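A, B, C and D label the chains in the order they appear, each numbered from 1.
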Amino acid sequence: MFDFGKILKVNVFGASHAPDIGVLITGIPKGEKIDFDELLSFMKRRAPGNNPFSTPRKEDDIPEFITGIENGVTSGEPIKAIIKNTNVKSKDYGNLEFVPRPGHADYTAYIKYGGKEDMRGGGKFSGRLTAPICIAGGIIKQILARRGIFMGAHIFAVHGIKDDRFSPTDVSLKDFENVWQKDFPVINDQKGEAIKQEILKYKEQKNSVGGIVECSVTGVPAGIGEPMFYGVENQMSSAMFAIPAVKGIEFGAGFDASEMTGSENNDDFYFDGEVVKTKTNNCGGILGGITNGMPINFKVAFKPTPSIALPQTSIDISEKKETTLEIKGRHDPCIVQRAVPVVEAVSAMVLYDMLLQDEALKNRKEE
Amino acid sequence: MFDFGKILKVNVFGASHAPDIGVLITGIPKGEKIDFDELLSFMKRRAPGNNPFSTPRKEDDIPEFITGIENGVTSGEPIKAIIKNTNVKSKDYGNLEFVPRPGHADYTAYIKYGGKEDMRGGGKFSGRLTAPICIAGGIIKQILARRGIFMGAHIFAVHGIKDDRFSPTDVSLKDFENVWQKDFPVINDQKGEAIKQEILKYKEQKNSVGGIVECSVTGVPAGIGEPMFYGVENQMSSAMFAIPAVKGIEFGAGFDASEMTGSENNDDFYFDGEVVKTKTNNCGGILGGITNGMPINFKVAFKPTPSIALPQTSIDISEKKETTLEIKGRHDPCIVQRAVPVVEAVSAMVLYDMLLQDEALKNRKEE
Amino acid sequence: MFDFGKILKVNVFGASHAPDIGVLITGIPKGEKIDFDELLSFMKRRAPGNNPFSTPRKEDDIPEFITGIENGVTSGEPIKAIIKNTNVKSKDYGNLEFVPRPGHADYTAYIKYGGKEDMRGGGKFSGRLTAPICIAGGIIKQILARRGIFMGAHIFAVHGIKDDRFSPTDVSLKDFENVWQKDFPVINDQKGEAIKQEILKYKEQKNSVGGIVECSVTGVPAGIGEPMFYGVENQMSSAMFAIPAVKGIEFGAGFDASEMTGSENNDDFYFDGEVVKTKTNNCGGILGGITNGMPINFKVAFKPTPSIALPQTSIDISEKKETTLEIKGRHDPCIVQRAVPVVEAVSAMVLYDMLLQDEALKNRKEE
Amino acid sequence: MFDFGKILKVNVFGASHAPDIGVLITGIPKGEKIDFDELLSFMKRRAPGNNPFSTPRKEDDIPEFITGIENGVTSGEPIKAIIKNTNVKSKDYGNLEFVPRPGHADYTAYIKYGGKEDMRGGGKFSGRLTAPICIAGGIIKQILARRGIFMGAHIFAVHGIKDDRFSPTDVSLKDFENVWQKDFPVINDQKGEAIKQEILKYKEQKNSVGGIVECSVTGVPAGIGEPMFYGVENQMSSAMFAIPAVKGIEFGAGFDASEMTGSENNDDFYFDGEVVKTKTNNCGGILGGITNGMPINFKVAFKPTPSIALPQTSIDISEKKETTLEIKGRHDPCIVQRAVPVVEAVSAMVLYDMLLQDEALKNRKEE
């Protein structure tokens, strides 16, 4: 259940009560240089910040490489990396251990895995498991960058308040770098300020808000992907729903395309010198499941953090009656900003696996 | 590329120039009764109608079972079914054979598969390959129905004009049957009339329109799905993008959830007698990738049919210059109504495969 | 169950009562030339001969390519090839339909698939399904030959009467060609004569005999295979047991190695110019699951054809009592000679799939 | 490369220079009781003994369960177990670091993984990784035992000196227990004494010897396995070659069947009360890849330990010349006795995975 991929294989492990969480990765060729500092700064983008928009919980997510990387270079062996669980204390759920939190996986975990000790899912559904995903994705981002492939994401919207968009046709590494270096990853800082205010407003109300992450990928050659079940959209969507709280995904114009006409939505081809491009990019860089050489573009919808401090109605499963639940502890009033690098990491995993498959078959005309 | 599934395996084959298209299915237990008439009437819902909303092309998609079904009962062997290609004539693309149609997979097929004969993708990207998917899905729908599991879909919107929605919490087989028996599958016929007018309007303009299909599934027990990479959303989204023209998918409130607060979006639990239910169903019946026993609900966005009769700008790849393209032939001005049963078929395949996996492990508390 | 492979995918379909048998192949890159005459002459080696050593049954196994090969070149699409079943008549089992033939899959097919119509397995276990395997393997042999990779097999032994062996260290294409052009594929024709006499002797006694096929593969570069579960021996053995009647496989010295000392069995390294070789080849070209650049060598044990004309003791499952069975019809007194090209075909499939995986990762030092 | 299985998934990790080795297991249902003492005593059978037949090296292979087992019961979550590497010291290979040991994976690891640090394969090919396999297999043996399925193995031969065989038709749990409790796992202690002498004789000569392990499995219902590529023999052989030094496998009469006639080899059916049995079991309990309800029986050939103290001829890869190699350190003069429980463990993994698949489809008549 925690394993991803066909040639690249990423296997996430760990639980909140275990000594560590981590990831096993196979299918990365030997000889790839990994810059540890760059990985750390990538992972830091996911860590809760010293700002009021995320949980004040402290997590020092320093990955430790056990096997597969020697002197900063992959050895071709399985890569195993862990993050130690420094703060392993059983949470105090008081008498609420049989009360599933609305919007959480508590109830489904209870049905699936059983007894009371699992009402909180043993950490299996924890957003914390996105840290190992960022280890894998962070390494792969470095490998892809050397092939000229870059992926950048930003907060596109929170509670309906929108940032600018990446240009569907002309986004560049510079646009990505602009966002990567920010504490609060938006394109337009003024709009980012409005988004921050929105988050703070609902935080004060002991509530939370959802949002949308936009991600673009540049440099992927045309011809990646297979028709029908193994297209880019199939693989990308399947992997994105591994990120907790994701409830939707759309490529290019996506749901907006459903409100368009063919003449509006079709992307006209043209020659930019020798290179085939499209004037618009409503298809998000993918036609028939296969990349067309334009930037890949998609948006991922996140629901609001289900943990809110407001009292909520739930049930007590052992006593078979309704009850009121108040969730203690400190939570992210919005997880969208912390999800931004996770979306990049997952997209890196997906595209790298597909590029490796392409390497095997070379079923692609070099333009 | 044309194969789906883990225990259930569905392998679609065929091309427009081959004598037949069809499907190989393994992983269906022996002893399942298959009602051929019911399958035919399911497949008819996908066929182009005798109405002005779909292409006037004639397709008699009568599936023929070669192996795996004997006397109307599955034998446990691989099921092979074909549909004969009665009308195999090479299309006349005139001097446009090197001109990719905007919005189509022509250009990506050319990059992927090569020579001029493949500029039209050899039929690999044809919507016609959804017919074999409907054979597989149609059979499986019958098997699931005997377990009390039903899936129904309808046109939710076309070019922004909306039908009603299925109730997220109280949809029933009767609601599905209501739609199944209609030529034009909407819930609310008055709204359906407006949708028809919208399609006709753009048809007259030699244009096309996109839309959204909503699908609900009832009767799936709580506890189906695995965390992270093998949840219902992962599997369902991956398979849905196999349907041509799909550009987005959302579960429950989906993208709308990104504009909600936690207190609005969280679905409160309650007891309906002994049964655990939720008062709302913004999660679409899935929490942490796992079903919670409520109806599964999702929407799939379709782009407008890319084939339009209006002149379009494209390029001539062999001559390396821009050109104008006029697509001849008769096309669906909107494919959404024909996609409705395909969405049902794919959802049946996905859930059946997941139920078979569940059978293996039985990692689930019976409520 | 009938599908093979990870990147190369070979899916065998058909049954004796269906109009055709065949194979679906994906994962072969576009642009590979396929010589149809060469394929036919490869497949002819599997066909029952006009000699007394195989069944006099007539099979004109002419493969017909439906998709994936255009003008003698692969298009990158799935390859579908069929062989028409010309002689589809339900066999007359008389009152023996509930009597499983000893040594056959009748009883296990009955347990697995059920009713009386399946007591003969519906053809699922028929040696005839090795014809589609030879289509796939025959195509792939041609592709591998262009990369300098060749595989040749011969009858190593029948009922204990032995042919010569290929040199474990110095076998060449010439050695293979020598065997390929023979009706009765042995290295040493004098020993072949003794083997023929042995087969005829038991044929006259209405009995059958088993034997061993030896196969060598040259030209595979060092470094193919992965440790533990994905080594060459793992993949090769798994696939070889798909051939009916195979009961054992050994690589290099194999079972003989169990009677050797370390100093006898270890293959000493030396330099042949710049090339690393071993003086002996008891490891069969594989160390730690990975090729070492020497010829790959293995032997496959076949049990005697279970269909014999002698009366045998069996049971009547419907009447729950013992009975005597006499099998009518004409059968191969020994299937080993016809299995020879099938072993080559399967080894081609296995190594090609592994080479494709190697292409993806390139985790290998070019010597 | 280190992952096994389809529904049951076993992923082995670790290296000799890492802090631990271990295993990740998914696909084991929740609620299975695991007896830790029983697991320990199973694993002890693999540990080097306090006798002169195995290496005097000390390994305290105490598995530690990190996740997936709570209070001695599986939770349905992934099971992660580790064995700490207590004795992590880089081996001193002196000036021999570029000299591959004959019979070892040194050379192929060098080609595959590169630099000098990998000439010894980084532990990837180490027999030590069979310890995590025994954790997985040991757990699964307990689960299968509760379903009445038992597997027992013994030394069948060493350097041609043979033990007795398990009865192919009438082996029982008692026969297995008889072997399990012995330090030196043979059926006939007198023959075991001869085998011990043989091992000691070659040990004194600074040499090593190979051998054969026989394994029987009882209680597997008829009908497990699929035709062609997913039969029991396919899966079992593929997995057995994951054990270092395995060079051959045969089922039932195996290679001996190649010297038999049909009338000798065919196993006649009879009724034992209501139960269908065969009088002989030359097929090893498997017909057409599917179990027939008789004991499953197979033999696995091991080559002699390649590490011997005698001087051997090899090459120095960096200096491109031949050289003489003397391997220091203490090695098993014969690894067959330690491989016995590993063969049981692997067979448990294979059959459990196949039983889980069977659970999903239930394509099997209950006798």
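Note that contacts are C-beta pairs under 8 Å (C-beta built on N, C-alpha and C of every residue); 3 or more make two chains touch, one makes a residue touch a chain.
What you are looking at is a predicted structure, and each value in this text was computed from that prediction instead of being measured.
**Student:** Mind listing the chains that sit against subunit C and also against subunit D?
**Tutor:** Common neighbours, subunit C/subunit D: A, B.
**Student:** Using mean Cα positions as chain centres, tell me which chain lies farthest from subunit C.
**Tutor:** It is A.
**Student:** Could you tell me the distance, in whole angstrom, between the mean C-alpha positions of subunit A and subunit D?
**Tutor:** So the centroids are 40 Å from each other.
**Student:** So what's the Cα centroid distance for subunit A and subunit B, whole Å?
**Tutor:** So the centroids are 26 Å from each other.
**Student:** If you average the CA atoms of subunit A and of subunit C, how many Å lie between those two points?
**Tutor:** Inter-chain centre distance comes to 46 Å.
**Student:** Using the touch rule from the top of the page, what residues of subunit D touch 2 or more other chains?
**Tutor:** Within subunit D, residues 1-3, 30, 76, 112-114, 124, 363 contact more than one other chain.
**Student:** If we count contacts the way the header does, which residues on subunit C are in touch with subunit A in the complex?
**Tutor:** Against subunit A, the touching part of subunit C is residues 6-7, 27, 29-30, 76, 356-357, 359-363.
**Student:** Which positions of subunit D touch subunit A when the two form their complex?
**Tutor:** Per the stated touch rule, the residues are 1-3, 9, 11, 13-15, 17-20, 24, 26, 30-31, 66-67, 70, 75-78, 80, 112-114, 117-118, 122, 124.
**Student:** Sort out for me which residues of subunit A touch subunit B in the complex.
**Tutor:** Residue list for subunit A touching subunit B: 1-4, 12, 100, 102-105, 107-114, 121, 124-125, 129, 157-160, 202, 205, 207-212, 222-223, 225-231, 233-235, 237-239, 241-242, 244, 246-255, 257-271, 274, 276, 278-279, 282-284, 287-293, 301-308, 310, 312-315, 317, 320-322, 363-365, 367.
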